[in-house]
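The first chain written gets the first letter, and so on, giving A, B, C and D; residue counts start at 1 in each chain.
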Amino acid sequence: MKTPRRGAQGAPRGAGAVDLSVTLGPLRLKNPVVAASGTFGYGTEFLPYLRLSDLGGFVTKGLSLKPRRGNAPPRTCETPAGMLNAIGLANVGVEAFLDEKLPALRRHDTVVIANVFGETQDEYVAVARRLNGAPGLHAIELNLSCPNTDKGGIAFGVSPPVVRQVVAAVRRAAPGLPLIVKLTPNITDIAVAARAAREGGADILSLVNTFLGMAVDLKARRPVLDNLAGGLSGPAIKPLALYMVQRVYREVDLPIMGMGGISTAQDALEFMVAGSAAVQVGTVNFFDPKASVRIVREIAAWCRKEGVRAVREIIGALRLPPGAPPAPRAV
Amino acid sequence: MKTPRRGAQGAPRGAGAVDLSVTLGPLRLKNPVVAASGTFGYGTEFLPYLRLSDLGGFVTKGLSLKPRRGNAPPRTCETPAGMLNAIGLANVGVEAFLDEKLPALRRHDTVVIANVFGETQDEYVAVARRLNGAPGLHAIELNLSCPNTDKGGIAFGVSPPVVRQVVAAVRRAAPGLPLIVKLTPNITDIAVAARAAREGGADILSLVNTFLGMAVDLKARRPVLDNLAGGLSGPAIKPLALYMVQRVYREVDLPIMGMGGISTAQDALEFMVAGSAAVQVGTVNFFDPKASVRIVREIAAWCRKEGVRAVREIIGALRLPPGAPPAPRAV
Amino acid sequence: MPFDFPAPVVRHQAINRDHFLLTLESPRVARAARPGQFVMLRTRPGHDPLLRRPMSIYRVPPSGRGQVQILYKVVGSGTRYLSGQAAGARLDMLGPLGNGFRPPRPGRRPVLVAGGIGIAIFPFLVDRLLRRGSRPILLYGARCRGDLVALSYFQARRVPVRLVTEDGSAGARGLVTRLLEPILGGEGGEERCELFVCGPSPMLRAVGALAVEAGVPCQLALESQMPCGIGVCLGCVVPCPADADGPLYRRVCTEGPIFEAGTVEP
Amino acid sequence: MPFDFPAPVVRHQAINRDHFLLTLESPRVARAARPGQFVMLRTRPGHDPLLRRPMSIYRVPPSGRGQVQILYKVVGSGTRYLSGQAAGARLDMLGPLGNGFRPPRPGRRPVLVAGGIGIAIFPFLVDRLLRRGSRPILLYGARCRGDLVALSYFQARRVPVRLVTEDGSAGARGLVTRLLEPILGGEGGEERCELFVCGPSPMLRAVGALAVEAGVPCQLALESQMPCGIGVCLGCVVPCPADADGPLYRRVCTEGPIFEAGTVEP
């Protein structure tokens, strides 16, 4: 049975009446939908399909100090309701981004977020310093899933002290930009890394990056990906990401951009109810290039239908069972 | 282009010519397909659909010292290519298993494995001691995903010292039975837990149990599951499980029963190539109750087609890229 | 004993925009089925959706051609995909499952109480009741006129039908309990009837409570999320009145889906 | 400029057990398309399979009715589901994508070299070549007779066709390179031809190498796993001859799928 449609039965509300804007610490977005790093190129690739100004914002492909060509192919593989990728962080490098990509974005009224990574803390710092103050750039997002060559290739994001350090160093290097820290889900308790990022000075947390996975080519008896392993993304991971978002929301006092398998407005709203102040949409851009703006539109329609005047009202609205423990009971 | 079918072109091989048996330390299975705990009841529920003697073996629903009624509903929820469950380890208890369930299984020529859990180390030990020597029982499998009430509800399996201790204690309590230790995937590096299980005296490792996840009821703004979180299983998790099996195979010297999202013989064979000596099949039993024996049949057919005389030849046959690092490079 | 085989679609009729009548061929299921039982049906091949969907057996047409019918409403993706299956397609079908209705107690007139798509469980029961000389009546509530389906089945067999809709677009306006109260309250006397109820949980709760209060026997057909349908996942449980050991749960798929009112808390 | 809209299925013909010719309606794609380009097609609704599938544009029928044709072979689940789409279904289609073939160099006769389902890319090209007065010939290799499709298209237009099959069930026995060697080796002289090649990677490698050696211009149509088709995922790359900075990769979807032989290592 349906609950009565409040928006439809009460006084008529104009289409413009829904307030979609959200504020995450120092960052204000016109709506809560942000295209995720590595799935939206440098933004202009999507101009045939949508207006960038209809998006809350977008995150660039991860940028390193020097251009990177990435891993040998095969780099991707479809899996049940998901895909693996091992692109190897191919990108044009921070200089080419500033010279060639960023200027073309200034005429579009949207929030541009540069995703940053390095193989050492110094590289993170150098990229962030270079981006600090760049006109038309609104925030940086630190990708902590990158392997740390100083620590034998373990991802930065799994060691709380390393997280604290690299975040603090980047914080100092780019004082003028809101700092989003993107967490890896390949960790026993993501709240621990989230807390470390907060201590390091993060303004916003984004989660989750991809889950480590692999695929086997049975005929050849080889890994499908040349890199052996890759990162799993897409609808398959949605329940895992949603759990982590909810956990970090309850444990750490920082605004969250949640992501992982979002492909509809319903998915996006579920993340918001679980504690995301905004959402990022990734893999869906590959199989439905208009999805990001479709989701914005559908969120507005849902708010009208449900009588929600401002979408920010639903952030963290999840009603937990009475006495819900911080960790779930036996499953 | 297909590679020539060796079985078909060479001398004709009889249907019986393929050797499907596998040996995992002290445990010999007539074929590598084992039905997973919690998805096969106490075995007899599947008699309308298959012969238990066609299976390599099966694992019972997790057994505790006393009967448990489990969590309040809703207990399950479908997700993209997967499902969440928070059954809450409902089971008849070890006494009723020994009195009512096990006797009915003795007439079926298959390997019966009792899945064991406890909320304290003492409970694990008590259940294992009770099972030791039970006629018709071939092995026990320790479920280490259970919350440890002595440690604030953190799962046993995420703490290496706890793993080592509980495995060693059970090892002493049930000296007569092969000991399978089932690892949780909700951990930064599963190889660390695998090593601890080996040090504690495990004979065999099984992996993986379910991944922590949740679902949100948007309309009600509540978690779908009464328990808030649940365990994700099914095809969605296959790439994650396959990666972990491969990693443990390379890092720890114990035979592996791999599982996670297997629904076809191709999936099962991929796990074997990645290092599983046998596989367990779980969620597929729900949506295809004959799946386990179908997979046995299809594995035999595949071996014939590929000219594989004994399926054990393909265990760990994965050819890794030259110089593959123990952890993958940037994804 | 249940069976699991691919069943060919013989016919697939759209009743209105979101209700469909599906006829499958499965002589084994047709032979074994009893009223109140259900099947688990794969709605299309592949992993989306992953799980089969539970569907009551609407009828086993007495033609003897081994057919099984399902009446369903499109409510989500699984039923939407199912509605795209054309004649000739083969759908994995597991069944018959569950306990089914027990026959009415001697001397009692069966009063069928349906809410929404809950109607789908009753024609098979009526076929049997009529064969046994019972004279059932139907109380049928729905959201609106468009949600009232299968009426011609009952009319053709002269089963008295009383209707109620939430928006008043057909029959009286209100909930099905409104039709029930006069019957339980005397219209003929409470010893004379027995309730058979299928519909959404709030309706089951309300009708079950009225029946218990009136001392009328009442069988409730429950719904639940059912991953397996065969009693092994323990996912479909319904709470029962707690005993000394705390809350007790029963599996809707194998201990149900039919329960006596008062023994479960749907 | 590519478009992304649901395209209605106008016709769907089975050519043999595993080859199908699909006609979709999409005036925008039809107008914009050039030979050698492709579309990304959703094979059915939902998340299984998750990604769209790349398919060459087989033809834009000159009827002017805004139709786009796809010729495909069932090789896995996506193409199997696609083959179940009946007329009237609407399939999300993104395209036209990729660079397409460049016209042959002046004075050179186009020699089309097809392996297996690689044939699907050529009819659209032949339509254009014939309009420009070119006289293409086709060398066509497949595993067996049943894999040779679309022959009637070429015969109707008097395009000379030379066949080869691996099992000898039609044409000569062997690989398509066997047909190519006489042509490159003199039969008419190497200045006179230009190769257009589509087929599996080993064939592209072999034919590309022969062409480079013979100094004949040669355009290779590559395949690759393509999650997005629009240049953003960086998943579809092909290695190119390394330079000082090490291996270089190009995106097959946007920098290709057509590459000059010698510039990529398929």
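In this section, a residue touches a chain if its C-beta (ideal position, glycine included) is under 8 Å from a C-beta of that chain, and two chains touch if they have at least 3 such contacts.
Every value quoted in this text rests on a predicted model; they were computed, and no experiment measured them.
Novice: Touching chain B and chain D alike: which chains?
Specialist: A, C
Novice: Going by the contact rule set out at the top, which chains touch both chain B and chain C?
Specialist: Both chain B and chain C are touched by A, D, going by the contact rule given at the top.
Novice: Please indicate which chain is farthest from chain B, where distance is taken between mean Cα coordinates of the chains.
Specialist: D
Novice: Pick out whichever of the two, A-D or A-C, is joined by more C-beta pairs in contact.
Specialist: Taking the two pairs in turn, the one with more contacts turns out to be A-D.
Novice: Where the centres are mean C-alpha positions, what is the separation of chain A from chain C, in Å?
Specialist: Each chain reduced to its C-alpha mean, chain A and chain C end up 45 Å apart.
Novice: Just curious, how far off is chain B from chain A if you go by their C-alpha centres, in Å?
Specialist: The computed centroid separation for chain A versus chain B comes out at 33 Å.
Novice: Using mean CA coordinates as chain centres, what's the chain A-chain D distance in Å?
Specialist: 37
Novice: Can you give the whole-Å distance between the Cα centres of chain C and chain D?
Specialist: Distance between chain centres: 53 Å.
Novice: Among the residues of chain D, which are close enough to touch at least two other chains?
Specialist: 47-48
Novice: Would you give the residues of chain B that are in contact with at least 2 other chains, written as numbers and ranges?
Specialist: Within chain B, residues 80-82, 85, 87, 234-235 contact more than one other chain.
Novice: Pick one for the touching-chains graph, please: line, ring, star, complete, other.
Specialist: It is complete, because no pair of chains fails to touch.
Novice: Going by the contact rule at the top, pick out the chain C residues touching chain D in the complex.
Specialist: 45-48, 77, 81, 86
Novice: Provide the residue numbers of chain B that touch chain D in the complex, in ascending order.
Specialist: Per the stated touch rule, the residues are 1, 80-81.
Novice: What residues on chain D touch chain B, complex-wise?
Specialist: 47-48, 143, 200, 202
Novice: Considering only the defined contacts, which chain A positions touch chain B in the complex?
Specialist: Per the stated touch rule, the residues are 3, 71, 79-82, 84-89, 145-147, 152-154, 158, 186-188, 210-216, 218-223, 226-232, 234-240, 242-243, 246, 261, 266, 269-270, 273-274, 314, 317-321, 324-325, 327-331.
Novice: Mind pulling up the chain A residues that touch chain D in the complex?
Specialist: Going by the criterion above, the answer is residues 38-41, 45-46, 48-49, 61, 69-70, 72-78, 80-83, 85, 87, 90, 234-235, 263, 283, 285-290.
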